[in-house]
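First the structure, in the form of structure tokens, and then the observations on it.
Every chain is named by a letter (A, B, C, D and E) in the order it is written, and numbering of its residues begins at 1.
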Amino acid sequence: MRRYLILGAIVSVGAVVGGSIYAQQDLSPEEEIRLIQEFNRMLAEGVNPGEVWYEIGKDSVKKYNLDKCDFGLGPGVFKGAAAQLPRYFKDAGKVMDLETRLGWCLQKYANMSQEEVLKFVRQCWGKSGNCVSEYDALVMFLTMESNGFKISVDTKDPNVKKFYEIGKAVYQTRIGPWDFNCATCHAGKQEVRIRATRLWSADRGETGQAVYYFPKYLVRWGLPMTMHYRYAECIRQMRWPEFIPHSDLAVALSTYLYAESNGTVIKAPGIGR
Amino acid sequence: MKRTALLLALMAFGFGLAQQKKPQKQAQQQSSYQEAIKVLVGGLSQDPRFTWKYQQDEAQIICSQYKSREAMPAQAVQKVIELSSKSFNYPQWGIYMGDWKEGKKLVESARGGRFASYGFSDNPNDKGGNCYACHLIEKGQPGGTMGPNLYQYGKRWNITKENMSTPQALESIKTVYQIIYNSWALFPCSSMPRFGYHGNLSPEDIANIVAFLLHPDSPVNK
Amino acid sequence: MKILLFLVSLVFASPQSVDSAIKLASQERRLVAIYFYNKNCIYCTQFEDFVLSQPQTRSALEPFIFVSVELYSEEGSRYGRKFGVVGTPSVVFYNPVEGKVIGKTFGNRPLGEFLKLITDVCKKPLC
Amino acid sequence: MDRRSFILMGASAGLFALISPRYAFASSKLEEEVRKRVGVSLSQIQQSDQISINAPTIAESGANIPVTVESTIPAERVEHLWVFADKNPVPWITDVKITPANGQVYFSTRIKMGETSNVRAIMKLKDGSHIMNFKEVKVTAGGCG
Amino acid sequence: MSVGTGILRVPSNIKKGEVFRVQMVITHPMTPPRRDPQTGQEVPPYTLTKLDLFFNDTLVSTINMGAGVSANPFIAISMVAQDNGVVKIVYEDNRGGKWEKTAELKVS
């Protein structure tokens, strides 16, 4: 009897003898992930086409009167400004991330209505090939001005803290007809793929690696993807109703993601599929 | 208004489950959860065709509370299983092996239920499971690794041409049907969408997908 | 989970392997219940917590020879293939005299459903 | 091209496939394109490791595949460089006139590929001969769909 | 506004006679001929066709390309740093667009 017990326990612990019955693929998933990372490394060599948007953005800043816009370091100060966002803005009475603040300034200094701003933001959404948006160019310019700066979101600010908590809760909320939340894909200890794309995970502390290169130049559409476009696409794939850029939802997500990434050095633009 | 009331009632219930011991913390968490839902819904389109998507069911509320499935307490797990195992609907004539060719189309389509007004040619009525995003299924077809590898799934269930219509095989077909219909009954709070439960796929669609996975003639089992 | 499995094995006094369980069962003309698990499978933990460790389950399983095995071990994958086990948690009820699988579950089944299956399986001879 | 010569060509290609398995994969579309662009038939071009192709083994997207062609042959001895993707609807991708002012043969770009196939680089040397090399790139799908 | 915008990059510190790499990105859709899925109409191709690389107005290389090259093409090619001077690219597309871009090369 006693012998059975001990042996039973040993069997229960279960020595894992390799050769799972499911190893029928030519390449192991891990090997495939490695090769795809190799592909992404090769893509990153040379000039990033996204940098063209920076050149365009330089002129757009003047065109839209944004040298008056205060991104948190004073009017017209862009160097390093993106790295300390999202933050609380007294003049707006709200926490804002880079793109939301840009939208606010466009309304204030470029005489755009809220609808016009939203149209401006979404002009290249869902398009590919030959779409150059000045909004993307502005975001690219503003972000690249912070290249080399460390992300430093002030989570001690109670307003920011509040949005951080909301963002964290939203990240976990399972809603919609396909039961998704952000964590469905971007959490978990194990490295997994969606089709061939390796997913980053908040549980593995990869948030910084996921945000530092936005806006990211997407080779499949030939345009840079800003953070809010990224949110919109994730949400479309999650089968939630359509995402509204510059909303509190966007700010909450940004606050959570960027605060989790504090200390990561910004290096835009990234490049990927 | 009525919907909000229902939502709040459900949420209160969900939290009651998890936080019975600390009523104060419970109230706090509840209000912050409500705020998060408000922000979430406020940041998405209010197109009346899709507002039904905001109704969280009880199981979703329970699953939303835990950072991981490992962190779920016993009661919550049991509650999700209990809620989910009542949800099944079967095809009109009962469980059967569907048409794997039809199933293959549904498995491969990435467009099901997806919609945004900008750019893309998504149609909100498209059907499909987008299974390859998470599963490896047919040999040579690239697939994800979020879900288990389903290559030769029928072979692994020991389903052959000879035993296909035996009660044992039908029992296996039923299990796979249930996983696709409502995975949470077998795997609470799993990442896999509850395709049948939400009506994304009809019982017949699911029977066809089951056939694609299990039928000896299907390319999955070649 | 290890502790729990230890408890499970304590209750059922498991033989150390599926091979020996089947051998023992055919000698004693009894049925075998084989539990396939995987160490990284949270649903196994849940299944053990809510179903396997319950007193009703334990008494219902008394007529069986119970054995648990890691699906990805050498023996586990061998029997997994034989019995058509596709994942964990799975329980296979096997009649060694006729050499037939008489029942099979996959996934985290509610207690009631699992007990009903045991009763169904137990209607057959040897039980 | 009239029907007879087409058949003839098909037959000879088929025969060639039998004789030399190395060319068996070469689709006629590619052969046509090589003949048109390079001016010689693909079967006459020797494979050589003096050309190296640096391309990913697996690409997450066929829209943008980094391809770099280098050669150990000095630029003075090279006249022209072509890049093909075997199974593309139009296999010809790009071609480069090389001069001594290039210093060495190094050319890098990003190409589109419809499906898994070989990327092929062909070089014409000053002495009139042609050499080539190829590398297989597996195109997979990434993302949610 | 934007089609044909280019970035041309040469390294900043190189020695005379050294071989270096010129890198460039040009915004261009590079679309093959295709049928519009909505209207069913034939859409003609729109691609860069030719790019000439000059050093002090002497031709170094000519690159011919078509729709097989990715949108917003990136090209890197080697050349010899003969002297101080101007690296120039001249590129044209199949709809009559013609642009040029220059970069100063300083050798030591």
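Quick note on the criterion: contacts are C-beta pairs under 8 Å (C-beta built on N, C-alpha and C of every residue); 3 or more make two chains touch, one makes a residue touch a chain.
As the structure is a computational prediction, the values presented were derived from the model and not from experiment.
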Contact pairs, highest-scoring chain pair: A-B
Chain whose average C-alpha position is farthest from chain B's own: E
Most centrally placed chain - per-chain CA mean versus overall CA mean: A
Whole-Å gap between the CA centroids of chain D and chain E: 21
Computed distance of Cα centres, chain C from chain B, in Å: 27
Chain A and chain D: spacing of chain centres that average the CA atoms, whole Å: 38
Interface hub residues of chain C, defined as touching at least two other chains: 80-81
Where chain E touches two or more other chains at once, by residue number: 70-71, 74, 76
Set of chain D residues in contact with two or more other chains: 63-65, 108, 110, 140-141, 144-145
Touching residues on chain D, where the partner in the complex is chain A: 54-61, 63-66, 108, 110, 140-145
Chain D residues within the chain E interface of the complex: 63-65, 68, 75, 85, 88-112
Chain B-touching residues of chain A, taken from the complex the two chains share: 21-22, 24-25, 29, 122, 125-127, 165-166, 169-170, 172-181, 183-185, 187-188, 192-196, 199, 203, 232, 235-237, 239-244, 247-250, 252
Chain E - residues contacting chain D, complex: 19, 21, 32, 55, 58-71, 73-80, 82
Residues of chain B defined as touching chain A within the complex: 32-33, 35-37, 39-40, 42-47, 50-51, 53-54, 56, 60, 63-68, 113-120, 122, 132-134, 136, 139, 142-146, 148-149, 151-152, 156, 189, 191, 193-194, 198-200
